[in-house]
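First comes the structure, then the notes that go with it.
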Amino acid sequence: MDQPLVIAGRTFHSRLLMGTGKFSSPEIMTKAIEASGTEIVTVALRRVELENPKDSILGAIDTSRYLLLPNTSGARDAEEAVRLARLARAAGCEPWIKLEVIPDPQYLLPDPMETLKAAEILVKDGFIVLPYIQADPILAKRLEELGTATVMPLGSPIGSNRGIRTRDAIEIIIERATVPVVVDAGLGAPSHAAEALEMGADAVLVNTAIAVSGDPESMAAAFRKGVEAGRDAFLAGLGRTLTTAEASSPLTGFLR
Amino acid sequence: MKISINGESREYEGEATLGDLLRFLGVSPKSVAVERNLKILGRSEMESEPVEPGDSFEIIRLVGGG
Amino acid sequence: MDQPLVIAGRTFHSRLLMGTGKFSSPEIMTKAIEASGTEIVTVALRRVELENPKDSILGAIDTSRYLLLPNTSGARDAEEAVRLARLARAAGCEPWIKLEVIPDPQYLLPDPMETLKAAEILVKDGFIVLPYIQADPILAKRLEELGTATVMPLGSPIGSNRGIRTRDAIEIIIERATVPVVVDAGLGAPSHAAEALEMGADAVLVNTAIAVSGDPESMAAAFRKGVEAGRDAFLAGLGRTLTTAEASSPLTGFLR
Amino acid sequence: MKISINGESREYEGEATLGDLLRFLGVSPKSVAVERNLKILGRSEMESEPVEPGDSFEIIRLVGGG
Amino acid sequence: MDQPLVIAGRTFHSRLLMGTGKFSSPEIMTKAIEASGTEIVTVALRRVELENPKDSILGAIDTSRYLLLPNTSGARDAEEAVRLARLARAAGCEPWIKLEVIPDPQYLLPDPMETLKAAEILVKDGFIVLPYIQADPILAKRLEELGTATVMPLGSPIGSNRGIRTRDAIEIIIERATVPVVVDAGLGAPSHAAEALEMGADAVLVNTAIAVSGDPESMAAAFRKGVEAGRDAFLAGLGRTLTTAEASSPLTGFLR
Amino acid sequence: MDQPLVIAGRTFHSRLLMGTGKFSSPEIMTKAIEASGTEIVTVALRRVELENPKDSILGAIDTSRYLLLPNTSGARDAEEAVRLARLARAAGCEPWIKLEVIPDPQYLLPDPMETLKAAEILVKDGFIVLPYIQADPILAKRLEELGTATVMPLGSPIGSNRGIRTRDAIEIIIERATVPVVVDAGLGAPSHAAEALEMGADAVLVNTAIAVSGDPESMAAAFRKGVEAGRDAFLAGLGRTLTTAEASSPLTGFLR
Amino acid sequence: MKISINGESREYEGEATLGDLLRFLGVSPKSVAVERNLKILGRSEMESEPVEPGDSFEIIRLVGGG
Amino acid sequence: MKISINGESREYEGEATLGDLLRFLGVSPKSVAVERNLKILGRSEMESEPVEPGDSFEIIRLVGGG
């Protein structure tokens, strides 16, 4: 029997974290969240638009069922990330934070040094920190040593749908991590999510592939199955790969 | 008085507490976080926090994100 | 809503075909078949062992629930394949045949010319022919023109667990086929099966990866989910892949 | 008489029909296909098909396969 | 020391065959042929344009230095291919023919059955046949058995520049072939050509990547070097690949 | 015409840097260096063995022809790296240093934070710093901003011969770098080196693949050609890759 | 007389050998292959091969190709 | 006197300069770097640098590396 996913002492039965960006309507987002089976949904922070002050995503997410995981998107350095994390907590979120420090608008790649700096401050400040990082095994180990609750290496750039293009490094991260490894960013299809779990990743985070799909609700259900398939296969034990063939029918040739 | 909200300068003549200001703006305190002059306010402080000329406020809410 | 899979006018609700070779016991095989949700199971033909004449796989498969699809494994040329197909029919199977003509014991690669020759004879003889082939789009088209019920291009050598190593060619086969495309051989993980369905394949056939797994029943369930995930994603519509990133959180930087 | 079954040469003195032979061998006709001298026999032919000296039989059954 | 390449008893010191299509001018083609170091150049056959009867590629190729290898491009079946081969011979070419039978204009994939049929006729007719084929090891073996002088499996579709996307199958073809294996089609960069030779291919054929380059002469020189590099490396012996690292500096840590 | 490679104001005509570890004898190493055409050879520092005090690699390298580039291998943190760099200078080397800070003996992956720290100190101390790093575009940019003379992202783990398994990230690094990009580690074949140069990398560093080859001298020559081939192709301009085919022979079918 | 050359119908009143026809067309025999009514002509036959009303010729040359 | 060289403790009774010590050890100064008590010595300092009881020396040379 599978163990549930445990992050910072909290138990989750779904291994699919879901982002809430880019959905065409709150209704579609709500349906997709439901279909995904997720228990953790990420959100961002932005200024209230004074012309439209009532608008809030909270109406669309039942916070009694889902853990809201605010991210620090928009932060270009450690200081901005820390400020965002504290604002999220002040806005009533639990002290969980998806830490992303991204100086680069084109590829949205995280800054390892600033991420480390912000992680140190936030961990000391009592936050449960889930850092979004390059697939760098040494960086992942340093963050873990600082006390982050997970590491979240990227498979490929955010929203690129390219899948796991950093496989070698993620395998090393998984081999060594003592905290859950959540593959984040770039997972564009259920097969990518299944692959991550088959490799031994503890969970994945998906947003774009679901939100921009022609049918987000079905795609969310598809990712749910992909994640479960990958996890089941990891637990059942995958066969080794061969460079030659191995007959599935008896090798005693017919009539021989 | 002149105050700044989310980077825009505003004239405000209402009651001089943040609670009043938020009501005036139509913002529900439950769904936002507020910085007054870079100081983040706790839930409990919000209602009674004074609003004074030259104050600069950031009013932040949660939105969809990945 | 999805259309069911239709092969030769017969409707199937599962898109996972399962092989019955290499299982460590009939009980484990039966459980795996059940868990896979399959409706089509492949079998081979061999001489009765006169010392052990009672032994039969039929006891372990409920033929009222599953279509038995005999294969021609062991056949090295068209003549042997045709003989095996007819023996299968004489043994009481319906006239469905997974045609494989394999002269090569090391990589178990099918012979295109002999496969074509056997297919022509068997189609004329009233068989419903599902040929196992190299991922060769022209060969696939010729077989279709001869009247085969499907084409079954290989992802990688039988039992190699290497996954879809012939992606470019299979994409072309799918783009052009007017009969169902069933990706067969080499699918070693649910992510491989999901990938095939995401590409638009109509179904997959899996044996080794399930049979030799540490837990065949769980692995069968995992492949079932992988297939469903891939199909759902194909129908929902996958996003395009980018070489750069595309933010999932609003791009208006924080406080900007 | 001498017959060949699945490539092995056998002495067989039983009754001279295939049905008898299969019963003698302990093989259930329902689960197999039989070739007599390379001719595949239909279900209906099996019981009464004669067994004669020098005959060569192939008795085939289904097994696990991919 | 390397052995020269021998095809049908004829010795060549270059392992790069070059195509002459798509060049912007005969002068540029001539310079590129020169720079490539090739000894075999492919040509096609087409009707003389009666408005422009003098035009001939022969003026641009010194047939005393280069073996002209006519191809059967344009042939959609065996009969057309045979007719083209005979016309090439009648036009004064030696009886060498690059056999390509391509029914499909979109992906330009060769027809295995028609190729086999034409090869049989042409071999009997005294031609030295170099067939362009899918990377199908069984087909390659059949052609070799018929007496073709080489096999020419494709790396990826003609002109696609995708490189070797059929690596597994080409490795098997090389492992088994008793005639030279020439990787043809899709080689878009010198690294692709080097890879083919490193795998043990005997030669490569390149056209598009050179002809459409911004500087065909330099690109031809680059492919020449790539081919030589790959061959030298194959002969010197490549190291095995590891999944972990192996220090190049002494492992005794500094001051330890 | 190509520009020479310029590192820290110094001009080099070879784009192949060569390591001197793992050779079976000084003679073989000397021959390989010669054949590679390199102008920069890396060396390590270790304690003199008091039982064998005369032994020195300097006898085997003509320092008037080759720039000795000492590395900091063995350093597990910034402090040890700085100490090694200064010892190298004290040993008579020019103030050039290949900076590697590697806490991890299994995969020999560099530590981004310690590398950055050491780079800052060494640049201030007047060293010309060539840092060995993960393929992390943000880290590369930070190092460049600190004043390193190059960035040296890894293709795959040292000595693994896996080639460029970090292609996406290296493409971004190249796109953005204002200092030379030298792909280091894991290049196991000339095709890998050619690929790096075709991508636009300014140079590569190779050691294991040459040193452990069956014939290091030939392999060094092969890498030299591979590097030149890749560079020539990059300058000549590679064609774009297509998903369909593009005929190299005239498309006007034969007799049509 | 009416003949067909490379699929085009032509009026031709010149001398009645292929050699003449090729010269008339400005085609050098050395660089082409010719089919007359689907029969491929050898180098030696070209000059003297007759040209008769209704003949169909294919005149083929080498061009750049891959 | 007792000194430490490359981590090994040694008895040394020779002349009391580093130049002497290196000659005694058979090490050519040109090809090495030396730390005395963690202080790296310049080329010029090597010859005359004193050697005193309890000194700890690291003598480093270049070797093959990648």
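Read from first to last, the chains carry the letters A, B, C, D, E, F, G and H; within each, the first residue is number 1.
Note that a contact is a pair of C-beta atoms (placed from the backbone, for glycine too) under 8 Å apart; a residue touches a chain by one contact, two chains touch by 3 or more.
Quantities reported herein were computed from a predicted structural model and do not represent experimental measurements.
Least step count on the touch graph, chain G to chain H: 2.
Ranked by how far their CA centres sit from the centre of chain F, the chains are topped by D.
The chain pair with more C-beta contacts between its two chains, of A-D and E-G, is E-G. The distance from the centre of chain B to the centre of chain E, each centre being the mean of the chain's C-alpha atoms, comes to 72 Å.
With centres taken as mean Cα positions, chain G sits 55 Å from chain C. Chain D and chain G have centres, each the mean of its CA atoms, that are 70 Å apart. Between chain A and chain B the centroid-to-centroid distance comes to 33 Å (mean Cα coordinates, whole Å). Among the residues of chain A, those touching two or more other chains are numbered 19, 21-22, 44-47, 71, 73, 107, 109, 157-159, 162, 168, 207-208, 243, 247-250, 255. Shared interface positions of chain G, defined as residues touching 2 or more other chains, are 7, 58, 63-66. On the side of chain C, the complex with chain E involves touching residues 103-104, 107, 109-113, 116, 134, 136-139, 142, 156-157, 162, 165-169, 172. Taken in their complex, chain D has these residues touching chain A: 7, 58, 63-66.
Looking at the complex, you find that chain H touches chain F at residues 5-8, 25-28, 30-35, 40-43, 58-66. Those residues of chain C whose C-beta lies close enough to touch chain B in the complex are 247-250, 255. Put simply, chain E touches chain F in their complex at residues 19, 21-22, 44-47, 71-76, 80, 84, 105-109, 157-162, 188-192, 194-195, 198, 207-209, 211-216, 218-219, 221-226, 228-230, 232-233, 235-256.
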